[in-house]
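The chains carry the letters A, B and C, assigned in the order they are written, with residues numbered from 1 in each.
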Amino acid sequence: MKKKKRKTAAEGYLFVMPATLIVLLVTVYPLVRGILVSFTNTNFLYPQKAKFVGLKNIIDIFKDKEFISALGFTIFFAVSSVVLIYLIGLALALLLNREFKGKGLFRAIMLLPWVIPNVVASNMWLWMLNDQTGMINLTLLKLGIIKEPILFLATPFMAKISTVIVNTWKSFPFMLLVLMAAMQNIPKELYESASMDGANAFQRFKNITLPMIKPVSITSTVLIMIWSFNNFETVFLLTKGGPASATSNISIYMYNSAFFRNQMGYASAIALVMLVFMIVLSSLYQYVLNRKED
Amino acid sequence: MRRKTVKKLFSVLLAGTMALSLAACGDGSGKDTEKAAVPETAAKEETEAAKTKASEDGDVVLEFWDMPWGSVAYQEAAQALVKRFNEEHPGITVNYTSVPWDGDYQTFNVAITSGNAPDVSTGSGYSPFQFDAMGEILPLDDLMEEMKADGSADFEETAMKQFVQNGHQVAMPWNLDPKCIYYRKDILEENNIPVPTTWDELLDACKQLSNGDFYGMAIESAGAWPLNIFLINNGVSFIDENKQAAFTSDGVKETLEYFRTLSEEKVIAPGSAGYTAAEAQKLFLQGKAAFIPTSADFANSIKDQGEEFYNNVELLAPLTAPSGTSLSIMGCNGIMAYQQTEHPDEAKMFIRWWLENSDTLWTEGGMGAFPALRTKYTLDVFTQDKFKAALIEKVLPVSVPLNYPSENAFPAMNSIQGELLTSQACSMVLGTDKPVEDIMNEINDKVITILDSFGTGEE
Amino acid sequence: MKIKRIFKTIGFYLLLTIIVLFISLPLINMVGSSFKSTREILNNNNIFPEVFTWENYRNVLNRTPFLTYVRNSVVVAVLTAVVVGITSCLAGYAIARYQRHIRAFRYFSKLFLILQMFPAVLLMIPLVLVFIKVGLSDSLLGISLIYIAFNIPFCTWMISGFFEGIPVEMEEAAQIDGCTVFQSFCKLAVPLSLPGIASIMIYAFIGAWNEYMMANVINKSAEVKTLPVGLQSFILQFDTDWGSLMAASVLAIIPAMLFIIFMQKYIVAGLTAGAVKG
């Protein structure tokens, strides 16, 4: 017995080798360099004058008003996106959890938001959300549902909501597919025996479905949270960070710092802070949810 | 025993890979001097090796990075022009690359810092100043002198002065991108409204014309060129002659308050604070607005709509602003060469050739921007088009760039424009209730932050 | 009772249609616009053209290197999907199966996840530096390598979850009968996880298909440009060639959708295999 265990462990390492090698070779140097740079005051214009400044960048970050407001919006954006995406994904996965004709095609269509080039998708949404010429307002006005056009992107408040809507459009299909796959793996017998024992739909959901999709739910919501946190293109292409910097998120702020203000050191520090933030957040999240099970 | 060996092997491999990747790339100390030097020298050696090989083959190779100054037709014309240059100059081969606008600054920056800069490029207005501050621009003083000496430096005045930094010519003026206001002549005539010549007259005209479905002016806030148009018209911008932040001046206040009034009087679409240029243009082209402050090349879209529409639209002569000035704003874009080039003489020669032989870029490529070289204005493309002719006659002579009143540009302008400060100001004025004073101060603070971050590099 | 069921079915398909419509709204607009001249795109708000024209498609296909961009994107994306598929499966399997034996593997997933979190924007400069040094810039292989490295973490994480869901007993039984780990991996674990594998390959494919920033900075010459970068040639500084952009975008979606539909087959196959196991 002991001999087999040792033998299989060796294979474990071998299996992991190719993936690890590739990732390390490509990302280790930039990552380490990026982290180190965040402790310097590197400026593009004067690379020779870079010097180590320790934690100064990080302290400056938390004193920076622009950063704080960008952080605020990013958190709002990520949290609302995740909540919306999960709820919609879950509801739809439940409703669609059965075999039907064209399921494969449906799944393919669900991936459209990811396949449509970002630049065009954002422009289409921009045009659809327009108050005077946009499809959504024109239709709603025609149907008499609203009297005045909705200003989706003109006020700070609505713009924030609109970015969440577009982000949801982009990502809920992923959640839907993941949850559908997870629900598909739940053996039908469990439901049948529960029904026979007198459980109603809600109880079946709570006691069978929910626990069985829990691991997948946790991982996919963490993922969406990370993507939303790091999101650049979706928001930027829609609002460029406006109006009035209302939708300027961390990535946009970091991009500006690095490339327009040439403060590579500062920008890297921002990235580092965000990285730590997300590690802590996702660890906490997973810990809490996994503990609940016990 | 075996498990331990494999485990050891694995960790050694891991450590080895990390060490290898760190060592192979200079050092992991984070000191930029070494880092910048080692990879750059190594990369430079590689490019030098490649170029030496080319010279050995008898061929000088120039990498020319051009921006998309036009779509399909332009890119065809540009490539044909490069081909012509290559045919006329055996021994020199120019490779043409089109660099997208999106993330262009990033593209150039990364290329330059990694030792992979092109030989020649065109670029957005303020980039040469940035790169010159990094020491990466090849000064074109001698080229400019040479052209002045034989009388061929007939560049538009402002553009010529624009591209000078620390006494050096950092780029040759390439093209001009004026902004202007187009209007529906027929709508004004129908309603017996005289063509406005001042801000007040414009506001009155708009008020008369605006009702539920129709708006006096189509304004966009994403690039916020309308706001830039009015700011410059009033003789003010983000900075003063001494390149200090000046967004709190009275002129700026007047302009912002004017825009606030536009919003309050409902002469612009309520969603304007979130509009991109295309959305404002759609409004105008769909006949829902009478005036549109926009880029001059919108004329192409107007023409596209057919003869009737084309005949109904006219170019508004620059208004007289409350401060009494009647300036107009334009972007000045340059063509530049880089220090990293192995063939400075050929690069300069190519730049001159490109400037002087670029006719087809307009006649066949349909470039929207105007040539900085005035001799080109005699082309039919300009004289036969009512808008272009009017722009050359009425608008260009009073056009200045966004760094007005500073005579030349400087690196920080790249940031001021790139971070879309005008857009922030515009969307705050149109989309929020924030008092104009507060908006001015907030934006001014940002200008100060930007100017500071471009300081001497000392912390 | 029957009527109730009919209503339920109608309701179901109605819901499906609404969802599909919402998802594809931008696409519908795009397709409609691609058959309009740019003039029409700007001067009306209808979805479908008043004057149907192929002009945009002709321009894009005949006058630009569009097909080269498609070829490049396909090569890069397929290479990414395949290599990620193989390496992630191996790694994910190892993590799922050997977590108990090898302490380090428990943290592997975490590590991979963390790697995903650092924004690519800032990794760009050192990354490009290295790639230029080793001659991998301006090449399809180079950018593929980057995409592979960036996608392995997530895909490994995902697929290890799938492998965990497969009962160990089956494999142990096979191994007692003389199978090696590799054989039980290939013959048992993989077929049962086809849905998961197909999913990660789709994910890696799309990641490579739609990425702009890295591709723009690393691959500049027209022969190696990918689609997202190629599309930008229709976007000018202050104006956009809408007609061409719409047509090019519609065309850009087709290969990706084909790949996805092709992969769907394996998701179904995996489910059938699962039924057998059940």
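What we mean here is this: contacts are C-beta pairs under 8 Å (C-beta built on N, C-alpha and C of every residue); 3 or more make two chains touch, one makes a residue touch a chain.
A quick map from chain label to UniProt name: A = Carbohydrate ABC transporter membrane protein 1 (CUT1 family); B = Carbohydrate ABC transporter substrate-binding protein (CUT1 family); C = Carbohydrate ABC transporter membrane protein 2 (CUT1 family).
Just so it is clear, the model here is predicted, and its values are computed rather than measured.
Chemist: Report the chain whose CA-based centre is farthest from the CA-based centre of subunit C.
Modeler: With centres defined by C-alpha atoms, farthest from subunit C sits B.
Chemist: If you tally contacts for every chain pair, which pair is highest?
Modeler: By number of C-beta pairs in contact, the leading chain pair is A-C.
Chemist: Report the inter-centroid distance (CA atoms only) between subunit A and subunit C in whole Å.
Modeler: 16
Chemist: Once you find the CA centre of subunit A and the CA centre of subunit B, what distance in Å lies between them?
Modeler: Between these chains, centre-to-centre, one finds 33 Å.
Chemist: Measure off the straight-line distance from the CA centroid of subunit B to the CA centroid of subunit C, and report it in whole Å.
Modeler: Comparing mean C-alpha positions, subunit C is 34 Å from subunit B.
Chemist: Please output the residue numbers of subunit C that touch at least 2 other chains, ranges allowed.
Modeler: 45, 102, 124-126, 130, 212, 232, 235
Chemist: Listing for subunit A: what residues touch at least two other chains?
Modeler: As it turns out, subunit A has residues touching two or more other chains at 9, 13, 20, 25, 29, 33, 37, 119, 127, 133.
Chemist: Among all residues of subunit B, which ones touch two or more of the remaining chains?
Modeler: 7, 21, 24-25, 102, 106, 113, 278, 282, 286
Chemist: Mind pulling up the subunit B residues that touch subunit A in the complex?
Modeler: Going through subunit B, the ones touching subunit A are 1-3, 6-7, 9-10, 13-14, 17-18, 21-22, 24-25, 28-33, 35-36, 102, 105-106, 109, 113, 130, 133-134, 221-222, 269-276, 278-279, 282-283, 286, 288, 411, 414-415, 418-420, 423-424, 427-428, 430-432, 434, 449-450, 453-454, 456-459.
Chemist: Applying the document's contact rule, which stretches of subunit A touch subunit C when the two form their complex?
Modeler: So the residues of subunit A in touch with subunit C come to 5, 8-9, 11-13, 15-16, 18-20, 22-23, 25-27, 29-31, 33-34, 37, 92, 95-96, 100, 104-121, 124-125, 127-128, 133-135, 138, 169, 173, 177, 181, 184-185, 187, 215-216, 219, 222-223, 226, 230, 232-233, 251, 254-255, 258, 264, 267-268, 271, 274-275, 278-279, 282-283.
Chemist: Across the complex, what residues on subunit B touch subunit C?
Modeler: 7, 21, 24-25, 39, 42-43, 46, 65, 67-72, 75-76, 95, 97-103, 106-107, 110-111, 113-116, 124, 177, 223, 225, 277-278, 281-282, 285-286, 295, 297-298, 300-301, 304-306, 368
Chemist: Give every residue of subunit C touching subunit A within the complex, in rising order.
Modeler: 12, 15-16, 19-20, 22-27, 29-30, 45, 47, 83, 86-88, 90-91, 93-95, 97-98, 101-102, 105, 108, 110, 112-119, 121-127, 130, 145-146, 148-150, 152-154, 156-158, 161, 165, 181-182, 185, 195-196, 199, 202, 206, 209-210, 212, 227-228, 231-232, 235, 245-246, 249, 252-253, 256-257, 260-261, 264-265, 267-268, 271, 274, 278
Chemist: Where on subunit A is subunit B touching in the complex?
Modeler: Those residues of subunit A that touch subunit B are 6-7, 9-10, 13, 17, 20-21, 24-25, 28-29, 32-33, 36-37, 39-53, 119, 123, 126-127, 130-133, 149, 151-156, 159, 239-245, 256, 259-263.
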